[in-house]
Amino acid sequence: MSIRSHFDKNLAQLKQMLVDMASQSENAIKEAMFSFFNQDMKKAKQVIARDYEIDEMEQEIHNKALQLITRESPVAKDLRKINVAIKVSSEIERIGDMAVNIAKSVIQIGKEKPVKEFGDILKMMELSLDMVRDALTAYYTEDISIAYQCAEKDDEVDQTFGKLVQKFLSYTPQDPNGMNQIIQLAFVCRFIERIADHSTNIAENVIFLETGERKNLNA
Amino acid sequence: MTITLVSPQIEVMKMDSIQEKNIVYQTSQLNLWYGEKHALKNINLDILENEVTAIIGPSGCGKSTYLKILNRMIELVQGVKITGEILYRNRNILDRSYQVEELRTKVGMVFQKPNPFPKSIYENVAYGPKIHGIRDKKVLEQIVEKSLRSAALWDEVKDRLNQNAYSLSGGQQQRLCIARCLAIEPDVILMDEPTSALDPISTLKIEELVKELKKEYSIIIVTHNMQQAARISNKTAFFLNGEVIEFAPTSKIFSNPKDKRTEDYITGRFG
Amino acid sequence: MNFFDHKSINARMKIRVIVNLFAKIIFFAAMMFGLFILGVLLYRIVSQGIGYLDLQFLQSLPSRKPEQAGVYTALIGSVLLMAVVAPVSLLLGVATAIYLEEYAKDNRFTAFIKVNISNLAGVPSIVFGLLGLTVFVRALALGTSVLAAGLTMSLLVLPIIIVAAQEALKAVPASLREASYAMGATKWQTIVRIVLPVAIPGILTGGILALSRAIGETAPLVVLGLPLFLAYLPKSIFDLFTVLPMQIYNWTGRPQEEFHSLAAAGIIVLLILLLFMNFLAVLIRNKFQKRY
């Protein structure tokens, strides 16, 4: 038995709470994306309704982390683990918020016929979902190489985002409803880009957790 | 036109921190044996002026032994063999020609348990100056007051200087020992777990005092209390089995130690 | 499985308590036995001798007539003897103890000396008498004088004083010495200013025990040839003299009943002298404790 087995157990619990929260958040994005492509209002409303769960999980993680800091006076990697848990949970909470935002746009667009192909948006969504998975895998396995891998994809997301926005700008809608749809689509792209950014932040935190050095991967 | 964001004051501060501090103790290739037991192995350590250097490590790692070499108190132990070199202000203190009394006048020591002499508070502080030949009562009184003030004890004892030192509380006794040590105006103060016998508040008072004293003195402190090392020291040396495993700025040691053994020790996963 | 059966342990608890009580009674009885005998002894001596104890008894020389006899010579002799023994034995003893405890290296030679000093404390006093006779009385030609007897007695009590002083020095916490050395004090400064003031009460207690032994001792003095009967006073420490125990012994050997009572009175004087010495020691001790 290790000298601080009780503390170790609590740190493992903290990590598990974070992983649970992350899977909930990841699910929310998937559902939001599904509702986007299928124009599924019901699903979109579900995503919005379930966001409070993620918020609550974040609060629990913060409470647990503070409790561990006061009780165990952590130093070195222990302290970084708790610090990173707090920060990553906030990033995940933001990702959950993005899912909610996408769902809201889905409701705004409604059942209208899409004015354009979603082709590049789909690609961007898949990429950012990949990044979320990579970031969380990196956190779970404490593997820096996966974290770097995650960050590398961010550039492609940003480029796709730029191209898409330009495309939307060049498009002149015939009727005001079309204009609304274009704006919502641009928003969705923006939200997806934000999800990618949050994933990069998580990856940065994983690198800090392992090396003790802060790297800016979002350059 | 470019705008300078860095104000002149910040520039000055940077200059200060870059300026090299003087080395007080330079230890090289130090080895020590207690009889057959190799207690210190190849120690190389530079201790800087006006800094608090903390030495941490598990029991029996040689940290107290190292401290005791710095004022040669180790000589009170029999059967000790030492090789290597410790330069104090560029003079080898292990050299026989270095008079031990001279060294100890420059290097004061505070011990684990408060050990005031069974004399009055005044006599305790005046002891050092007296043995070094100061007889003038006026001078002695001034030294006693100055030392007690520096040790943050004056206000508590100024009305009862002639009372026995044992009438003080444990924390006060330890501050008296610090005052006694300051009375001979040393250059370095060695502290061997100075708060291990004290309650938390007395401990914090001593820590506060140490932070204050480092402006004028160089302090080397051995401690079992890692939070204490983290709170008060500029640099921390981690000793293990007679070796220096890691010696680095304290913030580095406690946030991101290089060596796995250091990390295991400070996070409490040793063994 | 539990190894600790509370039931059977509770059953045995009573026996343990009784054994403890029994031990307490035994030890108390042992103490009372000694106290009782001492009481009887004191009562017998005081009741027999108190009637003969007056100023005249203290001021008279010994005589063949019991009503005229006194302890003057013996009392002066005992006081003179102490005047030689106390400084010689205390100075030599404490100095030796300081050397052994503070200065001597902790090697086999020192250990050998320490063991031998302890052993000397157990050597029969008559052996010291023979030594004194050969060395002081004959070889140094001091004769049967106060000085020769005093030196002999000093040798006799020296081991006791050394051992007691050693213990007193050892009892001084090492932390005090360390504190002094760490200030840059020399060994000598540390001993004089720190160690001795703390050790003096212990040293004095041992010293008084040793001197009490010297004042009651007769055997070595008999060997040195001290007279049992001396009708004049010694003028200096080079003169013939006698001491209280010799005088008391002389009187108890006489057939007349009055002399036996005189002996009892002499014992009372001896006891008072001892008490006085103890009182002095307590005074000195208090004086040192006040300095702290």
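Note that the chains are named A, B and C in the order they appear, and that numbering of residues resets to 1 at the start of each chain.
The working rule: a residue touches a chain if its C-beta (ideal position, glycine included) is under 8 Å from a C-beta of that chain, and two chains touch if they have at least 3 such contacts.
Heads up on the chains, UniProt names are A = Phosphate-specific transport system accessory protein PhoU; B = Phosphate ABC transporter ATP-binding protein; C = Phosphate transport system permease protein PstA.
Values in this document were obtained by computation on a predicted structure and should not be read as measured data.
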| item | value |
| --- | --- |
| Graph separation of chain A and chain B (steps between touching chains) | 1 |
| Farthest-lying chain, centroid of Cα atoms versus that of chain C | A |
| Most contacted chain pair (by C-beta pair count) | B-C |
| Distance-to-centre winner among chains (Cα means, whole assembly as reference) | B |
| Whole-Å gap separating chain A and chain B, where each centre is the average of the chain's CA atoms | 51 |
| Rounded Å distance, chain A centre to chain C centre (Cα mean) | 92 |
| Mean-CA-position distance for chain C and chain B (Å) | 48 |
| Interface residues, chain C side, partner chain B - complex | 105-106, 173, 175-176, 178-186, 189, 193-194, 197-198, 291-292 |
| Of chain B, residues touching chain C in the complex | 71, 73, 76, 78, 101-105, 108-109, 111, 113, 115-120, 127-128, 131-132, 164, 177, 180-181, 184 |
| Touch list for chain A against partner chain B, complex | 2-4, 7-8, 73-80, 211-213 |
| Residues of chain B defined as touching chain A within the complex | 226-227, 230, 254-257, 263, 266-271 |
